[in-house]
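These are the structures, in structure tokens.
In the two complexes that follow, chain A is the common piece, with chain B as its partner first and chain C second.
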Partner chain A sequence: MTGFRRPSTVAEAVGLLAADAEARALAGGATLVAMMNADLVAPSALVSLAGIAALRRTETLPDGSVRLGAMRRHAENAVMDLAPGPDVVRRAAARIANPVVRNMGTIGGSVAFADPGADYPAALVAAGAAVEIAGPSGDRAVAAEDFFVDWYTTALGPGEIVTGVVLPPGGAGARSAYDKLVRVSGDFAIVSVAAVARLERGAVAGLRVAVGGCGPRPVRVAEAERALLGGGLDGPAAAALGAAIAEAADPPDDVRGSAAYRRRVIPGLVARALAACAAPLEHAA
Partner chain B sequence: MSALAVGLTVNGRARAVLVDGRTTLLEALRENLGLTGAKRGCNQGVCGACTVLLDGRPVRGCLTLAAACEGAEVTTVEGLAPAGALNPVQQAIVEAGAVQCGFCTPGIVMSATALLRERPGASLEEVRQGLSGNLCRCSGYRGIVEAVHRAAAGAKATGGKA
Partner chain C sequence: MRLEDSFTVRAPADKVWAALTDPATIGRCLPGIERIEATGADAYRAAIRVELGPIRTVFNVQVEIRDQAPPRRMTTVTRGEEGTRASVLSADSTVELDERPDGTTAVRYASEVAVVGRLGKFGLGVMRKKAEALGRTFADNFRAWVEQAAAA
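Now for the complex of A and B:
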């Protein structure tokens, strides 16, 4: 017998999860229910987050950051109005699975599950996002880069849930690109690339590039990004960034591609994402 | 052991089911209510054969928990048209002969019906996108896409009353 609870506040949900180590938080169900159907997990109870209005809210914070509630569905995120820069998250959401699954899955559920081949992790790291967490000992926020810890492992502790993500403003001249190499549309990434660049009079004033599907967590090489500052988004420093990410990656050998293949295609995909950031806004990928 | 009582509206009719917390909507429809139109294919949300409408939105029946459907309105392929009649998508699929083994057909019909409600007059590309979550293992996609595209042309003409 699996219990089913539908709390109406975050505090109530956290209390239920903290009281029962075998209970699991249920967001959209797109992953958890599939795992239950496959007998991979058997929670003692499901704590549905669907009745918590606060988790659906989106707001702009005083510093211009946008806070997305954890229970926002991919389908909503795929069409939301975000400024250039943070809109890398919209681009990623639009590439998740297919329209029906996008109707079900939520950003909080996807982030908490932390599948390395999923679309949000690299996009959130490139956006410089923070993940908001509520738990038995209070609320906290963790940078996306530190939130994704290992294969399917996050900074979440027992009884903690993701309540939202905060996307900082991209600033003037910000651009983003998101691309993924897949076998068929909507599949998990063989390699995904998320890039957020800020251009001032054609020169790079800020850059964050993260690659997904190529290791336990999104791969980012900040030193190699810095080498592009003051120059363009192409040329030797751009090529060196792609090479550095390929070098830092720890890709799996699996049915979607070999580790060597993934390393081989990373530089080209990074170059393509940078070119998309350099393109006039209406042509950005 | 079933202990949760869930009240929901299925195809316009108020129903009550007794389920476990882990019972899927698909199981409740098929086993408790005898509505076997939605099919259990992969049970992993991949194939789309279990697609039904939940409060008007297409969802996977196999990834939706019945207990989460309290008060919800569910539409299955059995509820798209009065007994003996077909909705425009079903009609177009029959006319195009876009059925091979038929296992995927109810899910295709549900996804396509939802698509045309949202986008009457959907383009060929929009139809392909809209059906991208429904697998036909007979690989009969060409006929299916053509049929739904033809239904879309009709839906546009009638203002989206698919």
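Now for the complex of A and C:
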């Protein structure tokens, strides 16, 4: 297969990709086209997903989960109406790059590329999201935590594409925060933090915190999160959570910051995200 | 970028040295090796497949052992390219073997690696992480292989 294909169904796209290991799925093109221009990749063919209406759909599932189609652009996700909790994904989308990239890039493309400095991965892990996948051997869903496997490596197998992400409801008293430390506005994160907390009468009833830019996958330490249950979002257990994430992180040393610097700033950013979750809803960051 | 690490093998230094200079053993233990062959007494040629997300390429490298004091120390010079010289790789490495009284051997290596060209544009931080992981996988495979051969 060569050239440019524009199938109208997921099955057709998967068939084309499965038939040629060197063909690539083209979502928004924000990354793939830039990499082609930089001569980093030379796909035998491009299978555009732009003509597949099903990938643009957004729906609320019977259990209250929200399913976002893979071809939804960051700009759309940045202004979508999501309940507190899953809205961490809206906050992350709003922080991606710049308007040009947000109008071009898609959530499916970003998730499939799995840049460790990208904004969605940590947000999806904090939201407890699932990534929906279609492939030659059928459809499946993988928890975001298991979807990101290694540097730029995901659970996607040959011929598989991301078709959507499913965000579970946050529940009563849910709050979220997303923050990232960057050199300049719109850059990839030096460190990003996504937090989703559920508060019952001021006490923590649920908590998920994920840190991005600091390892092959978003870093989460569930055990240290549990220590906050029943208490507040500050104090020794909150400080211990930040320290545990810094300890578990495996950050790169690069132009954005050394590994030691990244570890150093994680606890402060985690504390800030937790404080934002504790703030009254209308003031949450 | 500078890469440094060490690992310990439960085998005497001369056995470890022999394995380190045997292309078949390196080919078996280093992930991504598609082909490796001796091109002289102290020279090798290898093709190594590298994958980083959507980037998939094959580096063709020549490795030459410059100085050696068997079974203790060697320095090697590696030169290579991928994608018809779209990227050029060079690495100067030192490997030191230290046999301990308990019969195990510590292998220490340090490498100054430079990648120039299209892959040089792509996240050096992540490339270092991948290289470190490759080194650890090699060490695990190498240790298992040499210890099993020494026990046989």
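Rule of thumb we're sticking to: the second predicted complex is superposed on the first by the 283 of 285 C-alpha atoms of A that agree within 3 Å, B and C clash if a C-alpha of one lies under 4 Å from a C-alpha of the other, contacts with A are read in each partner's own complex, and residues count from 1 in each chain.
Here is the rule we use: a contact is a pair of C-beta atoms (placed from the backbone, for glycine too) under 8 Å apart; a residue touches a chain by one contact, two chains touch by 3 or more.
Because the structure is a prediction, the values reported are computed rather than measured.
Participant: Look at A:P216 in the shared chain and tell me whether it touches chain B only, chain C only, both, or neither; answer first, second, both or neither.
Facilitator: Only chain C is touched by A:P216; chain B is not.
Participant: First (chain B), second (chain C), both or neither: which does A:S48 touch?
Facilitator: In the superposition, A:S48 touches chain B alone.
Participant: For A:V101, select first, second, both or neither according to whether it touches chain B, chain C, the two together, or no partner.
Facilitator: first
Participant: Using the superposition on chain A described above, determine whether A:Y152 touches chain B (first), chain C (second), both, or neither.
Facilitator: second
Participant: Looking at the overlay, what does A:A38 touch: chain B (first), chain C (second), both, or neither?
Facilitator: After superposition on chain A, A:A38 lies in contact with both partners, chain B and chain C.
Participant: Between chain B (first) and chain C (second), which, if any, makes contact with A:D253: first, second, both or neither?
Facilitator: It touches chain C, and chain B stays clear.
Participant: Quick one: name whichever of chain B and chain C touches more residues of chain A.
Facilitator: Partner with more touched residues of chain A: B.
Participant: Per the definitions at the top, what is the overlap between the chain A residues touching chain B and those touching chain C?
Facilitator: 38
Participant: Residue numbers of chain A touching chain B in their complex, please.
Facilitator: The touching residues are 1-4, 6, 26, 29-30, 33-34, 36-38, 42-43, 45-46, 48, 50, 97-101, 103-104, 185-186.
Participant: Flag every residue of chain C that touches chain A in the complex, lowest number first.
Facilitator: My answer: residues 52-55, 83, 86, 118-119, 121-126, 128-130.
Participant: Can you list the chain B residues touching chain A in their complex?
Facilitator: Result: residues 1, 3-4, 20-22, 24, 43-45, 48, 51, 57-60, 62-65, 67-68, 70, 111, 115, 129-130, 132-134 of chain B touch chain A.
Participant: Could you please specify the touching residues of chain A with respect to chain C in the complex?
Facilitator: Residue positions touching the partner: 24, 32, 35, 38-41, 113-114, 116, 151-153, 216, 250, 252-256.
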